[in-house]
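Below are structures written as structure tokens.
Two complexes follow with subunit A in common, the first pairing it with subunit B and the second with subunit C.
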Partner chain A sequence: MIQKKDAVGNREVRERRDMSILYKKNRKFYLMLILPALAVYALALLVPMFGGTIPYSFLKWNLMTGKKAFIGLDNYIKLFSDTGFWKSFLFNLEVGVFTIVGSNILGFVLAYFLNENIKAKGVIRAMFFIPNIVSAVLVSFIWVFIFTCAMPAIGAAIGWEGLANVSWFGTPGMATITIIVVSVWQNVGFLMIIYTAGLQTIPKDVMESAQLDGCSGLKKVLKIELPLLMPTVTINLFVSISGAFKMFDIPNAMTAGGPYGSTMPVAMNIYQEAFTKYNLGYGSAKSVVLFLTVAAVTLIQLYVTRKKEVEY
Partner chain B sequence: MKKKIWLPTIIMFLLGIVFLMPILLLVMNAFKTHNDMIQNFLSFPHYLYFGNFTEAIERMKLWMVVGNSALVTVGTMLLCTVTSFMGAYGISHIEGKFGNIMYLLFTLGQIVPFHSIMIALSVQLTNMKLLNNLLVLVCLYAGFHGAFGVFTYVGFLKSIPKELEEAAAIDGCGVFRCMWQVIFPLVRSTSVTLLVLFFLWTWNDFLMPNLYISDGAKRTLTVAIYMFKSASGSEWNLMLAGLTISIIPIVIIYIAAQKYITSGLTAGAVKM
Partner chain C sequence: MKRKMLAAVLAGAMTLCAGGSQAVYAEDKTKVEMTVWSGEWGDQLDRIMEGFNSTHDDVELNITMQSGDYSDFLGNAAATNEWPDIYILTPWTQVQTFAETGRIADLSDMAFVDKVYPTALEAGMYDGKVYAYPANTEYLGVFYNKAMFAEAGIESVPTTRDEFADVCAKLEEAGIAPIASNFKESWTLKHLFSVMMSNVVQDDMAGFLEQLNSGEGTFGVDGIEDVFAAADIIKQYSGNNRMDCDSTSGFNALANSEAAMLLTGEFSQNVVGAMDNPPDIGYFALPVSNDAARNKAAVDAGIVYAVSADTENMDACREVIDYLSDPDDEDGYFQIVCGKAGNAPPAMAWNGGVECSSSSDYQEYANGGNITPWVYQQYVNGFDVISGDIFQGYMADAYTSNQVIEMLDAAYLEYLDQ
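Presenting the complex of A and B:
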């Protein structure tokens, strides 16, 4: 008996070794497979980042004057007292926080109700999702038109003077609100789809036993569904936080940073530094700061929300 | 009981209409004359006016810019899907540290905002004389979206039992054939999702072609419509016609691949 078992065991070991040899033998092939992906990845991302953005950030380099000199950390020191940049940073944070919170709450609520017993779910979900798949730059134009032409018309029609006389793009406050509205409108669909998927992974029996124990309504949502949805919340926060720092298209198309540069996100600030003022070195230092901020915030967020995930 | 189903349905449907209103308005107004649009922005068109489309097609050189966009988009979809799949396949088969390092490298790429490398890319492309080249744009998109592609494929490939490949190898199937004919069909739904996402991200992108393509003959659709706005601020009607045309392929693809978009996004999200 013992001998027989050994024989079987040996065969398994031998087979595993054979398979391992199979992978070892083809190791070169597998390495080659990575090359094309790595090549385009390097061209698009690695080389510009490590061979461009980071080294340029230590240069004083203006394209108009053509001067290029190594100045060490001077760009970063200058950045500390650059009020324009910090204004952009704060504006970006402000719009980001409102957009992240607003679109996640709305996305969850929509997903929740669209997961209930209703008809034509597919069609209705599509109606909320479509704004997400249309170019942000282009729909921003239609929103400008809605704010400047349609809103006053609606205000006049329903006799609401307040709405008719708002100058949507005249003051920093109003312009910021329009940008938040459009950003939330654009992001909700995507988050809704992910929340829907998350809700569908919660086992029915968990919900049923909660119901039997007398847990229902808002309490059920907050105490049972939301904790079970933490993995979904993790991904949605990741998507919306990194999206918030990449904000460019909507403000660019709607306000172009105005009035008086009050609605300029960090990405647009970098764009202007580089492509209208031609300060490549200084712009690169700003780029490094943007990248480090996004990396730090998203990694902290992943760490924090991961810890809150529960098992069922 | 029946009432309970229909009331929420109607409420959600109406909310959906409100939500979709900007896009509905856009399409509705594309079929109005300029004056009609300014005066009756919110009403349905009294009759379908196609003048905006014919004029936009002519002024924007629509077929040319749509052709450029299509070339870049289709090129990116194919190149990025193939390189991502091969890369992910390689990574998931390399044992030890190197595979993990490569996986991490691609995963981290997802958090790099394009705006933090746009200056460097602009300098490097100028130095290499690669500006105004649609194929370079394809490679850049493939690299940029590839981070997500590799990450997603690796997640799916991990769930495929190794025995399958081993059995294929014992039956005398070469590694290359095994990859394309045994494994690739198994991740078909992932591939469709990625193709759709790559389509959306490329077709809709504005900043990259705006920065790296200045030649009017190589302009993409998004940039062409944007140019329309800055060149002639008052010609909203022509812009709306252009916008409507740019939305058509998006809606078609969405309807065709709705099932895959939802399931694919979901699976990717859960894996993360």
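Presenting the complex of A and C:
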């Protein structure tokens, strides 16, 4: 077994050396390959951000009145005392924590069991993945129907008065729960696929070694598979954290920010600032703060999870 | 070589496609671009274009419907200062802001000015001049199922708040759900709160708004207790899960005779009219006050058309506005957009449309002069949206009446600071 491990190690070192030589030789070609995508990215994101959003954030600019004046950092200072913005921010955090943790745990558990030899696992994987390819608005409408029509009907049919009379959208707490449930339901399929790919890259010989050494069950998952899956965890956390901060579609279609503005995520708050109040300057400042927050949180997450990645 | 050929073919195809999209207009015609917000237009826009273009040899009208939120379109157009020749605006404050900033043209000398009802015309005016053409009026209030009222032994519609409470109680006793809720969406509550506030401030709406706009005003005016008393009755009789029901479920509940009343606008009758055997639906003004004389129909201009001040085709635009405001054209605009149940009636005298109980009931209010405008369209820009959100807190039992007033006052000040 040790000899086999050495052989694998030597092969990987050789492959890496070859790739390094290949990279140096073809670096210009590789750069040419990414150039079209980079150009589109720059045109669609960097130019509007540095040419529009960031400069606008220093202006007091109302689109309806047409008033436009440079006010320096005033928009950013105003943000500190904007209770509506911070309320939205806290809502994002609240939903984000439950959605990120819930969808990643569920995604991993599903991927783990569907990685075993069970019948029709391809079909089951597809079933879990379907919500991810359906539009968030459609998914939300389906769930609104489930919450407001199906569940009360089921509750009444089986005599559960509690279920029949639950007001899913009447209080901030319940409305938040509906958004978390739908967000997890939609995200879990995608994360499951990534976890599945990660699980399939774990070499069988490592797992066999663990088995022979008496490591099995939950211990095997926690001590062997999860550490080896850390690159996948890094990707999935990155995707779900950035998604949680940017959420808009599901709260918009499920609750439209209600009841009484309690489920309004930051993106919706920014939208309202820019297109209801028409304050483009202040809305831009909010966008910049959201961008910096997402960037900071995801960078910290990448740093932390990458440190935990192990090589084999 | 193959790649070059492929590129040439693709470039040719793209040129053809681009050319095709611009081939809408004939070469020698003046082109007028009109933009409208998304709505239940169906094939009406095609019919309007066809109706206009077939009767005008020199002008080609092209109407574009904004598929998303219309405020996005207005925001983007304002940011780039690129406007279509004609576009829809929200009456009152938005028209006034656009006129003040010089974005829309003065239409005071046009023929529609003498035809539009004076109260509706005001919605398109600024500084004594007419800047927008109010095409339709819309009315909000209580739409009720006549058969269900009869079944509960109710012989006449309530004219005071106490009578309204009695009617709700009688319906409930008869095993009929009194009010279909639509409170999940705050825009419905924006309408409801506006109807109730209009009732309270109807004697001096201009003064109330002036006070608010000066930063010195408050929603805690004399009579505000009527608003919350009426809201309490509505809450009591709208069912346990009233905050879970949106406008669609409200329309369906009225159309399917699942509830006796719905607090909404004439647009709800689109759904009722689409039924195979629609119930007979009547209309009455929401009795906010215990003084019957104060309970008037809440009516206001719904759509106003404005002409861009920068248009190079002013004469052609005026021809379009003339077409949109001709009540005598038997195949004209009103025949197309006002002909069915649930359509907003024209803001001028017109012999047409579908007769139904609710529109007849509304006409009685209008003919008797028992109407009052909606206050929400005259708030500072954008505040109407937040007023619905705040009032939703009261309907959900999350805020007290005093909290609602404090929050409305604070929010209004915030919106003034723009």
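By our rule, the second predicted complex is superposed on the first by the 269 of 312 C-alpha atoms of A that agree within 3 Å, B and C clash if a C-alpha of one lies under 4 Å from a C-alpha of the other, contacts with A are read in each partner's own complex, and residues count from 1 in each chain.
Criterion: contacts are C-beta pairs under 8 Å (C-beta built on N, C-alpha and C of every residue); 3 or more make two chains touch, one makes a residue touch a chain.
Please read all numbers here as calculations on a predicted model, not as lab measurements.
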First, second, both or neither for A:Arg306, with subunit B first and subunit C second: neither
Touched partner set for A:Leu280, first subunit B, second subunit C, both or neither: both
Subunit A residues touched - subunit C or subunit B, whichever exceeds: B
Contacts of A:Pro259 with subunit B and subunit C, given as first, second, both or neither: second
Touching partner for A:Phe169 - first (subunit B), second (subunit C), both, neither: second
Partner chain in contact with A:Val294 - subunit B first, subunit C second, else both or neither: first
A:Tyr30 touches, of subunit B and subunit C: first, second, both or neither? first
Which superposed partner A:Ala136 touches (first subunit B, second subunit C, both, neither): first
First, second, both or neither for A:Lys68, with subunit B first and subunit C second: neither
Shared subunit A surface residues [contacts with subunit B and with subunit C]: 274-275, 280
Subunit A residues touching subunit C - in the complex, by the definition given at the top: 62-67, 144, 147-148, 152, 165-172, 255-261, 272, 274-280
Footprint of subunit A on subunit C - complex, ascending: 69, 71-72, 74-75, 78-79, 94, 97-98, 100-101, 184-186, 240-246, 249, 381-382, 385-386, 389-390, 392-393, 396, 398-399, 415, 418
Residues of subunit B that touch subunit A when the two form their complex: 4-6, 8-9, 12-13, 16-17, 19-20, 22-23, 25-26, 38, 41-42, 79-80, 82-84, 86-91, 93-95, 102, 105-106, 109-124, 139-144, 146-147, 149-150, 162, 166, 169, 175-176, 179, 200, 203-207, 211, 222, 225-226, 229, 236, 239-240, 243, 246-247, 250-251, 254, 258, 261-262, 265-266, 269-270, 272
Residue ranges of subunit A touching subunit B (in the complex, touch as defined): 19, 22-23, 26-27, 29-34, 36-45, 47-49, 51-53, 56, 113-114, 116-120, 122-131, 133-139, 141-143, 145-146, 149-150, 153-154, 185, 188, 190, 193-194, 196-198, 201, 231-232, 234-235, 238, 242, 245-246, 248-249, 253, 266-267, 270-271, 274-275, 280, 283-284, 287-288, 290-291, 294-295, 298-299
